[in-house]
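Both complexes shown next keep chain A, but they swap its partner, so chain B is in the first and chain C is in the second.
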Partner chain A sequence: MQTKRTIFRSRGLPYLLLAPQLAITIIFFLWPAGQAVWQSFLREDAFGLKTSFVGLANYTRLFHSPDYLNAMQVTLVFAVSTAALAMILSLLLAVAVDRLIRASRWYTTLLVWPYAVAPAVAGILWWFIFNPTIGIMPYVLASVGISWNHLLDKGDAMLLVIVAAAWKQVSYNFLFFVAGLQSIPASLREAAAIDGAGPVKRFFTITLPLLSPTTFFLLVVNVVYTLFDTFPVIDATTEGGPAQATNTLVYKVYMDGFVGLDLGSSAAQSVVLMAIVISLTVVQFRFVERRVTY
Partner chain B sequence: MIRTLSFSALALAASLGAAQAQTEIQWWHAMGGELGTKLEEIVAGYNASQSDYKVVPTYKGSYTETMTAAIAAFRAGEQPAVVQVFEVGTGTMMAAEGAVYPVYQLMEDMGEDFDQSAFLPAVVGYYTDTDGNMLSMPFNSSTPILYYNKDVFEKAGLDPDAAPKTWGELEDFSNKIMESGAANCGFTTGWISWVQLENLSAWHNQPIGTLENGFGGLGTELTVNGPVQAKHWENLAKWQQDGLFQYGGPGGGADSAPKFYAQECAMYMNSSASRAGVVANAQDFEVGYGMLPYYDDVDGAPQNSIIGGATLWVLQGHPEEEYKGVADFFTYLSSAEVQADWHQFSGYLPITQAAYDLGREQGYYEANPGTDIGIRQITLNAPTENSKGLRFGNYVQIRNVIDEEFQRLLSGEVDAQGALDSLVERGNALIRDFEAANG
Partner chain C sequence: MAAITIENLGKTYTGGVSAVRGIDIDIRDGEFVVLVGPSGCGKSTLLRMIAGLEEITEGEVRIGERVVNRLEPAERDIAMVFQNYALYPHMSVRQNLSYGLKNRGTPKAEIARRVDEAARILEIGAYLDRKPRALSGGQRQRVAMGRAIVREPAAFLFDEPLSNLDAKLRVSMRGEIRALQKRLGTTSVYVTHDQLEAMTLADRLVVLRDGEVEQIGAPLEVYRRPVSTFVAEFIGSPAMNMLDGEVAGGTLRVGGASLPVGVAPGKVKVGMRAEDMRLAGLGETAIPARLAYVEELGAQRLGHFEVEGQRLIAAFPAEQALSDEIALTVDPSALHVFGADGRRID
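== the complex of A and B ==
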């Protein structure tokens, strides 16, 4: 790998240029993260009147809590399904739009639309559509003999949050896939076509490998999205229910910290979450990226 | 008038420490919509009635949001003087000695005329310490009652003027309603936790927890897995299977009201403060009112129901003039006129006997049937240790546990006894956490 070296005349200038970014990182990331780590070793009442150092007690309590282990499982199912659904669906749509010549701009605009909808608003829309009492979908489903009640059925609830969260992310993925597809030279595919490769063969041997940088980037973004940004969707549709069936790790941090006012446990959970994301990102960059052709 | 002064003059006066300035009192509350407008009207009435203090109400969102905002503000030293906290937050507020200023103490310290016996015991009992001292000022308290659809009752061949008194009757009525096709479902309910567990226990004089339902100390434990509660939850699960009962969702049970309004379900249990909403939405049918049903084979039932709603807590850390103002404002708030007005407008219970008497003198209860069901129900018998209220730490989370276990019951994952046992076990763990953090 080639690296470019820029030579600065004075030693202070590079640090000065880095300073603003470093300051932002320290103030908005390292400082609060450090506070969370410190808080996770404390046991405190809600008002902060009685504080005691408890070492790793918050963590041991966490890993002995069936609710927390359940939240991990829920998060795994939710994250994998949402990321997979959002990426596969958007790739299909992007390929379809890429083949169009005239109306592609229209389709692109329409498909990107959901991204402009605020997550909380999107959540409310899904809540309305699927509400077991007043929603239109349960009514339609009932007429074909399917009973829908995500207030009681864990599977229904999980399906609802996956679909709602993926719907929100399809637009974003779609945009990147379209851009990625358009940057693949048509000549490559034409050459393969002349050599007798069919559309499916062309897609899997030429388009997909050349699209891998985009796919990899989206994989990272989608995983982070499902872990953190899906909070509003869950809050507006199921609130983690029924019986914790959709209580993901990040939603549990909120419920325990901001509703339950158990700051020690909530801080410990956010530290665990931070560790998960850091290790996932490292794994992705170290191992998955090797298989990416730039 | 100050308003006629120019802004710069006002700023100058302020910088000189104007002696005439009013003392501002911050009040954070959780009353949105029409209730919020009414609250602001009451505050405006107070501000106009005197010139020393100015109460500034601020809407902070839901009950949970208001409470967490006030606690976060306290940690940052920016707390309001008065905050409205819902009843399940009582345990948390009470344990925060040094953060809250007990109301009885405040009134005494400020030399305010304050007679605790003027308040309705069934209301203030929920908010007193073990010596009977009032810790917070009740503002909006309600209790669950039964609403029913008179038109559907008539169609089903039932007497439209007789609400079911017992759960046996309720089951019987529901069956008749469904068989006759008058409605698709017998009944629904808001607040599973509050109505179908806490109030069910109090109404049948069954303990919710040890140590006087938690009033006696942090070492309390839940005891809601008794035979009466288990039987009731078993029935609810069975009735849900048979379609007699429809579930309205966790928490407040947001889906239950539309089921009643749309005449899907003939009966509906929820807060007495839901009355205004019920009347406004029940456009095509006439509404009847009744007390909560009870099991007639349980000794001591019906006892009395318990309240829900919110009270005003005073927070420490403000100068004395402000507390003088708070004491003065509380006296205004609990006056019979203000109380009767708020009670009649909102459906919340009056907090003093005088406000109730005033309503009777005005003939309000005769002109508006159903408005006194709640108050008759909480005063039906003198509250016992089991029906005074409840006080547990981490109760916001325990309420969620109740919803979760009920959902597990309805989805057939566990039976009633199993759900309640698991509820007690998980709830006790939360109470122990709270004890460890506050003990």
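== the complex of A and C ==
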């Protein structure tokens, strides 16, 4: 492939043009990231009067803390369930739309709406819908004999944050899945139909394998989303409770750092999260480089 | 193997586009029928209705004794070769060939036997473990053919299978398809917009125009006696010359010449094939023509002329000298006379 090259006469201009983006990256990403790494080697007393260098102590403490190990487990369950729910739901919708793509203009628009809603607003929305005293869902569920109280029941709470988090991601996944489905030539599915494969068999032997690059990309994006972007959703619905049942890694960073004021531990947790994301990104790029599974 | 009967077949797409209507074709068992016509005339629609990929809105299709209107594509016992080959990109060539048999629960040993047999016939044995993207256009075309023949279906359906190949490969694949069909004796319906491909492949041609059958017949029959100006100008290369003429009292006046004909008086269109034109001898009825330019084809040279403001092409032997002002003639028996509505009247 040919790449377009623009020739600049002055050597300074390209750097000047890059400067705003670089500044933003440095000020809002690299600088705080560096601070977090440095901070993670320090310990401050509760009043912020004295700071001492403690080496890896924050990390050893972290990995021996039952709370942190619990948060890891919670995060794993949360991330896997949210990604799975968001992806399966959006794939179902995308397949439905792909079948009647003509009707898709308004349909697609409709399904993109959730993505335009701020996570905190979405969280509050779900908080209202599922509120044990004033929400509509507990009332509806009670009428079919299911009692709902995410303020007391750990399972209910987890379910709530999963649904609330997945809901927002569905529209994003949907767009990618629709695009992925559209890029599969109709003649492949027709050939398979002639070859005696029914709709379900066609889906699993033709469509799904050909969709695998999209699926993998979305898997990484969704997991990263659940690791980081779900803070507002959890904050607005369960605040990590009850009994830490929905206290994910990113929420714990906030709780320990800004509520608990244990900045050293909070910074160490950030660094761990950063390491997770970096490794996920590496996996993603590795895969994208090879690109094709078929 | 089976005959295919098409009766009063029609298709109206949702939205009201009438793509084809009133189609009647009897395809005999083992026959190679080519649907030919300009782009958009409804060839693919017709083929896809036979395949079951497009719902039939009017009429009936029978394959063998069965009416297949309501049957799924898989139940019709047909195989189709697509223009873009439609090979499954994530499967090896062997898996591509086996897929249809596997879906039908064919025993493993039988699948292996048929795949190896097809690979041998099509000479693709060396690529069985490759993915389609590692094959050239011609090889992909062979695999697509292989996928059709391993199924041993009642009929093959082809939708412009050669149009993605370069000119040279197209000619050789054309020959191979014809030879393969003869050898297997499988009823085949082949769609193309290329009249030369149609002429060379077909047992019978079906010329389509705007969703209706214009003419059905053996290639030479259609070539020698086109039923309308549309067929006359579509079949044959260079296209048949078509001059305005007038018949009065048993005499046709065309291009400044008078020729005896046996048609009713009135305005007509007169068709003359380039190869039927020749230089007029002394005393023969002559069409005076002015030479515009000459196209050298090697074995032949095509003279492009102007006759009373209309264009006319005549084919000559390669060594024929041509002057700027020339007298052309044609045997009255080689004339094609069409009425004002474009229908043949002689």
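Rule of thumb we're sticking to: the second predicted complex is superposed on the first by the 243 of 294 C-alpha atoms of A that agree within 3 Å, B and C clash if a C-alpha of one lies under 4 Å from a C-alpha of the other, contacts with A are read in each partner's own complex, and residues count from 1 in each chain.
Throughout what follows, a residue touches a chain if its C-beta (ideal position, glycine included) is under 8 Å from a C-beta of that chain, and two chains touch if they have at least 3 such contacts.
Quick caveat, the model's predicted, so the values are computed rather than measured.
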Query = Given the superposition on chain A, are chain B and chain C in a clash or a fit?
reply = fit
Inquiry  = With both structures fitted on chain A, tell me whether chain B or chain C touches more of chain A's residues.
reply    = B
Ask   = So, does A:V283 touch the first partner chain B, the second partner chain C, both, or neither?
value = neither
Task = Figure out whether A:G196 sits in contact with chain B (first) or chain C (second), or with both, or with neither.
result = second
Ask   = Using only C-alpha centres after the superposition, what angle do chain B and chain C make about chain A, to the nearest 10 degrees?
value = 150
Query = A:M274 contacts which: chain B (first), chain C (second), both, neither?
reply = neither
Query = Between chain B (first) and chain C (second), which, if any, makes contact with A:L18: first, second, both or neither?
reply = neither
Query = Just chain B (first), just chain C (second), both, or neither: which does A:P185 touch?
reply = second
Task = Answer with first, second, both or neither: which of chain B and chain C does A:I206 touch in the superposed model?
result = second
Note = The superposition places the nearest Cα atoms of chain B and chain C at a distance, in Å, of 52
Inquiry  = Does any part of chain A touch chain B in one structure and chain C in the other, and if so which residues?
reply    = none
Request  = Enumerate the contact residues on chain B facing chain A in the complex.
outcome  = 64, 68, 71, 74-75, 92, 95-99, 247-251, 255, 258-259, 264, 394, 396-397, 400, 403-405, 407-408, 410-411, 413, 433, 436-438
Ask   = Inside the complex, what are the residues of chain C that reach chain A?
value = 51-53, 72-74, 78-80, 82-84, 86, 88-91, 99-100, 103-104, 131, 147, 151
Message = Per the contact definition, I'd like the list of chain A residues that touch chain C in the complex.
response = 185, 187-188, 190-198, 201, 205-206, 209-210, 293-294
Message = Show me the residue ranges of chain A that touch chain B in the complex, using the header's touch definition.
response = 43-50, 131-134, 151-154, 239, 241-244, 255-256, 258-262, 264
